[in-house]
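A, B, C and D are the chain letters, set down in written order, and residue numbers restart from 1 in every chain.
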């Protein structure tokens, strides 16, 4: 199995492990399905990737992941994460190794995709409140010449802060927006799943002792 | 108010007082409405009798009671008690005082009416298991030359025993029959309301110090 | 008790008002808890009814091709004879009236008394007594089986026969043919609560169900642990088919009836298994109804009814109907 | 969790099988959770759908005069684009397809992506987004109001327009007119339980209700003590009429929708008050629907939808329909 496939499987397993937790968060301010949907999606992804030829480039793998998520997650998260990964696949097309600059470009493309699809911006209590600060921290690390692993660490910490931040704001997009003020104090499930994925990637590369 | 109207009102009040109790019994082996239905019926009866002229004979009063019960109780008990009282009205037609023989004839007519309407006989866990032994005890009293009040007292005790007896038998008529063996151990609501009415009549005459 | 009502003693009155506001094709007899067709054609009249709480039964089946009148008693309590008598008089077109009665002592006695009153007026009245519930042992020594959701088939088919201009005897014959050929059985997950009582009619443990429940919350054959939909369905179907003389190549109609609080999703999951069972026995399903037809207030649970068809019953079942709760082209 | 199911993960699959067994006029696209009309005529196609658990919506409205296709997602989860895409392709008759989407981010995004895929194939696709729930503040800065039971009016009226042979733009225009003129609001007595979750989505005290509940158990405006049916109805009607520009002599259609576990008796008691309120304002009720149309599994509660009619909408509302859940002559 290629390293990038292994990384994606590690992300998937983290989501599956947190299925109940994410669902519980969504139960409070949504419809109690975020964990269930995401886990279902990543189970499909893991199944799909296990049948993939070894020789596929990162771009191809990500496109496969995106299409699988889109056709199995449903809800808001499915098209949003699906679009994000589809966009991220573009800078990664034809590549078998990713350098920091490519990762940054992929991340940017992903966020642009989410914004176009979901018409949300930061501060509306969505996954963007984890993903955007994470990208910023990552970019600062890159600019400061840090190793990819350290940049990912910065990103993960920023994402975690972003998750905490979602507790302090009112949702204006997604299902939680129907709650208005009553969404205050609750943590956004989508921001949380974004953090879990970044953290899982970090842990994976750490466990590899590489990057 | 004539004495017979007062007696019927006393019976009605006893039923109304026991509304919850009868309903609870029916909840166990029926459909939880016997007390509600009977109380509704006797409320209508009390209302109706309060508007009745003083000069009506017992037969007329009982016919009024029967028609009122028939058109307000519903369920099984409505037509059964209604028919019973309608039949009892016949020997009482034109009378303003009732002697023991007339009461016995009325009681017999009532039971015949119930049996014809409901096609049940003693031992099937119905009101008949209170009414028939009560009539028998009453008749023995009459035969032995007892006072009407004492006969009524014997009848009331026999009815109470009949109610107890219903706990020991399986219902084969009425809604409780659907329970089969599971009706064992439970007391029949209809037998209980019959006992309550006989007991109320006894108490009424006792309180009058007469008969 | 959590209910959207105003006053437990007014639920039937207010419901009837709400029905009449909603459905211009039904009319209420002033002063009575009786719904009749706005336009009654020259034909045999069909009157049914019973306690309230089974909605849409029976008022929801008043209309072209089904009932002409429905009498609503108090919740779960048979209506009184005077009410039924008014219904009979209102629908009679000098061709006689058939009473469709579910086999409960109260219903039978009150409808019978009403029939006697009407006959004294010179109206021809016949009755049929529906007893489709196989959860209860049938015996001439007892009250016999209860009438439950299979009654809808009697309304539909006898209604179509009357609409076609058949005389009273013929309508009665066809109604009895339906009764002879329909068997039902239900189960409950959770009790109903009668408004005037204010607490559940029975209670089941978290994992317990009542097999063979009646539509007033009367107990059935026994209690047991909750099983899968397929297992429960097979269990009920075994009992039903055991009491119904169907074999290979026979045609049946199926009615999956929700008892009030059961999601349609679950009723369809049940229907899947019913279909599979019938198909595996090479019994053909000519028509399937899946909905709340004969409920028990807010009871959780369902019943299955199977009607064995012949050419006559099939044709009448497929005939048009236009009522608040069942429209068929 | 007490449910009549086999496996929480199989409820949608098994339900769809049960629906197809019951209703020969709907067909399932092999391999997809999509129900389409058995016979699709030469007309603009109408596709709706959403998460499952709202039965009879949406599959129950597939048929003559309403939808051509309905896509069923997992319980309370929008279907994925590939499923919707298949539905679009299956119903398209080269006259274009209208997507009727309830305003939830998930539904909008997945249906939009499907529309893009179909357009890439050269199929003309338009969409309308239903947002009738006045419990939620409308604002262009937020997701806006939710789509709830008022959606049934869109299916009915746009369906009738398409059936009459109108072109895609015209069908879309009429659908949008319905959306502009329909407002709804609901309340809950008791939560639903999503099978895969296994416990209630929210919990209410013995005497507490949620005003403005969503059809997935999303909270509404607030919680309060249970009041009488008349008080609750007045409260919802106030909010609805406040957001709908109706006045004396106007005509409306009413839809009293049960959320899954509410007895029809209670829905009629609610309808009584709705009728009284409208009559007192000299607003005429042209047509009333009372039933479970857009449920939330086993939720206890209801919603009221009011549609302001004009001549065109009224005529289309009264047009015939023949679907599993709504038949009209």
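As a working rule, contacts are C-beta pairs under 8 Å (C-beta built on N, C-alpha and C of every residue); 3 or more make two chains touch, one makes a residue touch a chain.
Keep in mind that what you see is a predicted model, and the values were worked out from it rather than measured.
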item: Centroid spacing, where centroids are CA-atom means, of chain A and chain C in whole angstrom; value: 55
item: Rounded Å distance between chain C and chain D, as computed from the means of their C-alpha atoms; value: 29
item: Inter-chain centre distance, chain A versus chain D - centres from mean C-alpha coordinates, in Å; value: 32
item: Cα-centroid distance, chain A relative to chain B, in whole angstrom; value: 77
item: For chain A, residues contacting two or more additional chains; value: none
item: Category of the chain touch graph - line, ring, star, complete, other; value: line
item: Those chain pairs that satisfy the touch definition; value: A-D, B-C, C-D
item: Contact footprint of chain C on chain B as seen in their complex; value: 23, 27, 30-33, 36-37, 40, 70-80, 83, 117-118, 172-175, 177-180, 182
item: Chain C-touching residues of chain D, taken from the complex the two chains share; value: 2-7, 11, 14-19, 21-23, 52-53, 55-56, 60, 189-190, 206-207, 209, 226, 228-230, 232, 254, 256, 260-272, 275, 285, 288-290, 292, 295, 297-298, 300-302, 322, 327-329
item: Touch list for chain D against partner chain A, complex; value: 51, 73-83, 104-106, 109-110, 112-113, 135-137, 141-143, 146, 194, 196-197, 201-202, 214, 216-220
